[in-house]
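Next up: some structures, all given as structure tokens.
One chain, chain A, appears in both complexes that follow, with chain B as partner in the first and chain C in the second.
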Partner chain A sequence: MFYLGLILRNALRHKLRSLLTLLGLVVAILAFGLISTVVGAWYANSEAASNARLVTRNAISLAFSMPISYKQKIRAVEGVKDVSYANWFGGVYKDPKNFFPQFAIDPESYLRIYRDYLLPEDDLRNFIRDRKGCIVGRRLAQAYGFKVGDTLLLKGGIFPGDWEFVIRGIYDGRESKTDTSQMFFHWDLLNETMKKVSPRRANYVGVYVVEIGNPEDAAPVSEAIDKLFKNSSWETLTETEQAFQLGFVSMIEAIVAAIRLMSYVVIVIILAVMANTMAMTARERLSEYATLKALGFGPRYVAALIFGESLTLAAIGAVIGIALTFPAARGFSALTGTLFPTMQVADATVWRQVASAAIVGVLAAALPAWRAARVKIVDGLRSIG
Partner chain B sequence: MPGDVPAGDMHAPLISIRRVVKNYIRGGQTVEVLTGISLDIARGEFVALMGPSGSGKSTLLNLIAGIDKPTSGELLIDGEDITRLAESDLARWRAAKVGFIFQFYNLMPVLSALENVELPLLLTNLSRRDRRERAALALEMVGLADRMDHTPNELSGGQQQRVAIARAVVSDPQILVADEPTGDLDRTSASEVLGMLQTLNRELGATIVMVTHDARAASAAQVIMHLEKGVLESREETVQIKH
Partner chain C sequence: MNVPYLYSYRNLWARKLTTLLTAGGMALVVFVFSAVLMLDAGLQKTLVDTGSWDNAVVTRRGAESEVQSIVDRPQASTIESQPEVALGPGGVAMLSKESVVLISLNKRGTGQPANVIIRGTGPTGLALRPQLHIVQGRMFRPGSNEIITGRSVAERFAGAGLGESLRFGGREWVVVGVFDAGKSGFDSEVWGDVEQLMQTFRRSVFSSVIFKLKDSNGFDAFAERIRSDPRLTVEAKRETRYYADQSEKLSAFISYLGLVLSAIFSIGAMIGAMITMYAAVANRTAEIGALRALGFQRSAILLTFLAESLLLSLVGGLVGLVLASFMQFFSISTINMQSFAELAFGFTLNPGIVVRSLLFALFMGLVGGFLPALRAAGMNIVDSLRAA
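Now for the complex of A and B:
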């Protein structure tokens, strides 16, 4: 207790210096946590992806579609349990900045495969019955104030025209990382409209979602599906849902990597600040350390005092920084609307924050502690703090 | 030979220094500070080391206190040659045998007077309660019973030095080493501190080795040793002036 008291009082001895160092630590730990959370949000969809789901798309590019007739052929492949399909709609809600993903789906089969989307039974029934109906995720509903029964108007981009939907349900995610920022409506509505306004674009889908019985069969099933359509006008590329999602992230991989690097740079900067604080502290107290050594305290005790002080500051900074990360992430999420599917401070992020603070605490104290432990008593006693 | 004297022999000198040399390297040059000095200090003696700057008196005090090591020679304290002790053993030896009084008190500014005095007892097996009791007793002895919870910056220079004296004696050491203990004090406080050292010497039989420039301070001692250019010039018994 005596030692802990001494460490704590030493840590708060120069209040302004300690306060500024703590402030730096809090900002660094908070920034590190927030950046890690944002980076994590980029990967949220891929992390939420199931190993038992495959995505089949046009081999040339996602921009090209495939005939609806592929559905039955894919369903017949050994190992396939269920098949559904979707089209990226890309409409605009009021203003282009109001971005959120919209998909035209086959409601029954799609929601059968995506069991992570939880919808009250009545709402599901109403959605299936109403061809002009749509469902929206909880996050999306909260972001724009959507309620069941509201009319949702979208201006088509890929599929021109004004599109009017009635919100028939708001779905929740089974898990916290489930994406609830999307909107789904009937593929049939899209297809019927296309038949009228652009018949050449009718009966095509953007992606097939394939549920397989055994996740370990992902590779052979993917291969079998692609083999079916080899040398056709619409060759396919089938991959796991995770690989498919990571494909999107890889488009901005360099940016994500730069952001991630920035989070580590922040830690290195605060390490330099903290090391400077500890070096100044140890230099000023050299005569005190020499006195302790003269009284019979060993070099390890002196080093422990410096490490203790550094770790105390790091711990206080970490606790405040971590505590602030949660409201900061919520604030950032509110600010960015539905840009990120989820914005959760992961346990791993908190542990990384703790580890970063501990590393900063230890490394910042290492050199001053080594010097103080090695200082000759007579030299230390002569020094003026 | 002093080395043959068994430890704890009441008639043998407590401190026996034989042919001690201490050199420093400064700017690539070897500077000889102590040039083969030999002297004895008896148990219970109050010795003042005097001499001009650079005469080696502080270096000698540091060697006696075990916070520096000689280049050569023997340094026997109570029959034990402390030059042969490893750093960790020497630290333990200092904790058990030596009490320090510094010119600038060297108290821990964040600790109260009581905690400062308690500090050396942390190296013993005493319980927290016993440590506190002994520290409080030592502070009472130096007349600071009413200042136990004060931090050093809430005390005058004289009071701080009295706390330092309490810290030096609390673990009941064999030797008290004092480096210019009155150098930073006014006349009244200096007199109080010297009186306290005399009391410790007379009533508790403490062996005190004190470095001082001040002849008045030296007059508090029983013996004055003059050093000049690293050798012992003279040793004189004094008529101790009571402070």
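Now for the complex of A and C:
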């Protein structure tokens, strides 16, 4: 008890210095947590992806589509349970800044496969019945204040023109990590319009979503689908939904890696600050440590005092920093709207925060503790700090 | 009268470990700050160098990039007949009708797919971009399944090197040449014969029309005529302007992200400076008293400690800049949100970045050192002399 008391007293001796160090620690731990959370958000879609779903796209690239007639052919492949399809719409809501994903889908089959989108029974029926209807996710609705019955105007990018939709429902996610920042409308509406304005582009599908009965069949079924269309005018590439989503992340991999690196840089910065604090503290108290030694306390005891003080500061900083990470992530999520599908502080992030604080605490004390433990009593007593 | 600057300098030197740690923390912040600015500058340079002031790019009105644009054959012919189009040797219009699409290629090593721009063009396309030189092999033959690849595509993608072949659109394409476009955006592209590619991708329309202006000043008149022509649904931009616009989103993303991170990180470094400077003041209470007793004014004491803090941050800033300058050896490739294609670009250091980084470092030193310096200046002579 006496021991802990001494550590605490020591930590409080330079109140301002301890407070500043703590503040720095809190900022660093908080920044580290936030950055990790943002990086995690990029992977959210691939983590939520099911391995019982495959995505078939045109082999050239996503910018190319496939004929609608492929649906029946894919459906007939052995191991395929269900097929749906979607087109990326890429429209602009009021301002190009307001980005959220929009897909033209076949409502019944799509929502049959994506069971994680929860929609009240009535709303679902209204959506299916209304060809100009659309549904939006909860996060999207909150970000732009959409309500059921509202009209949603989009300016087409890939499909030119002004498009008007009526919001028929707001869906929730079955799990907290389910992406509810998307908007869905009828593929039929898109197709009918294309038939009128540019018939060459009608009856094409961007991606097919294939549900398979057994996840272990993913590889053979993918192969079978691609073989079916080999050497046709529209060759396909089928992969699991997870691989498909990871493909998007890998496009910005360099930036994600840089951001991840930044989260460690901030820890090193605070390590320098903390190490400085401990070094100054130990230097000033060198004569006290010598006194302790003269009284018969061993070098280990002296070193433990310094480690104890450093770890105490690190622990308090970590607790405050971690506690602040949660509201900060919520705030950041509200600020960025629908830019990220979800913004959840993962357990792993918290553990990493704890680990970084512990490492900072130990490393910062290492050199001063070593010096204090080795100092000769005579030299220590002579030292004037 | 001021305290000699040597006093501040010597004090930093006396506590090497503390100086090293504090300046080290600042150096890291400055490193992040300048690396971000360098990356943004590298991106701007890459895309600005891609365009030429004397060239005009014609795309569909409202299309964000050539990839999303369509220009049909009648419209392309209308543009070709405009008087502003320069004529080359033999009276041939210096104009290229191009087809720009995205293809998915796999990276060497990892096999990760990424989108790459493939540009269908002709011999004039090469003549319009004087910064582009074929460094290995030769130009593709019109009407053949031959392609040439940009230097960074040839390096990074499987099958894109000289003598290798790529398969897309149900055909094999042989790489007969590799070109260097002076670190511009073209280095991240693949070029082939426009008619062959359009056939492969079953396209009947071009993506864009690029031409050299007969008289550079004639651009505005041309753009205005194009805009008011009811037969046309296209818009014209100078090539420099077109590529500057292409960098907008990615540039905003990088600088916004980088500056927010630098701002947060700088809090840590400023706290570090503050701790160091408070300790410096506390340790030298008696010295300060002596200096005051010798007749130095409060303002001189304030300046002395500020100078010490600024010197400390300057050291940090310089170290950070030196570290960051090594980043010039690296380049990164990432997706350009506007065209949705991979773009490789490097870190570019310029004098503006050096100045801004050092100012940022000095700012941190000023903020970190101000309160401690104020405390030092506010000390009472008698009390501080007694403190020792």
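Following the convention adopted for this analysis, the second predicted complex is superposed on the first by the 384 of 385 C-alpha atoms of A that agree within 3 Å, B and C clash if a C-alpha of one lies under 4 Å from a C-alpha of the other, contacts with A are read in each partner's own complex, and residues count from 1 in each chain.
We take it that a residue touches a chain if its C-beta (ideal position, glycine included) is under 8 Å from a C-beta of that chain, and two chains touch if they have at least 3 such contacts.
Predicted model, so just to flag it, every value in this text is computed and none were measured.
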Problem set entry | Which partner, chain B or chain C, touches more chain A residues | C
Problem set entry | Touching partner for A:A294 - first (chain B), second (chain C), both, neither | first
For this session: Examine A:L6 and indicate which partner it touches, taking first as chain B and second as chain C; both and neither are also allowed.
Result: first
For this session: Pick one for A:T277: touches chain B only (first), chain C only (second), both, or neither.
Result: second
Problem set entry | Touching partner for A:A76 - first (chain B), second (chain C), both, neither | neither
Problem set entry | chain B versus chain C as contact partner of A:F64, first or second or both or neither | second
For this session: Indicate the residue numbers of chain A shared between its chain B interface and its chain C interface, in ascending order.
Result: none
Seminar exercise, completed: Within their complex, chain C touches chain A through residues 17-18, 21-22, 24-25, 28-29, 31-32, 62, 64, 67-68, 101-104, 112-115, 168-170, 201-202, 204, 253-254, 257, 261, 264-265, 267-269, 271-272, 274-276, 278-279, 283, 332-335, 340, 342
Problem set entry | Complex interface listing, chain A residues touching chain C | 16-17, 20-21, 23-24, 27-28, 31, 35, 59-64, 157-158, 160, 200, 231-233, 235, 237, 247, 250-255, 258-259, 262, 265-266, 268-270, 272-273, 275-277, 279-280, 284, 367, 385
Exercise. Which residues of chain B touch chain A in the complex?
Worked result: 62, 65, 67-68, 87-88, 91-92, 94-96, 100, 102, 106, 108-111, 115, 118-120, 122-123, 128, 167
Exercise. Of all residues in chain A, which touch chain B in the complex?
Worked result: 1-2, 6, 9-10, 13, 287-288, 291-299, 376-378, 381
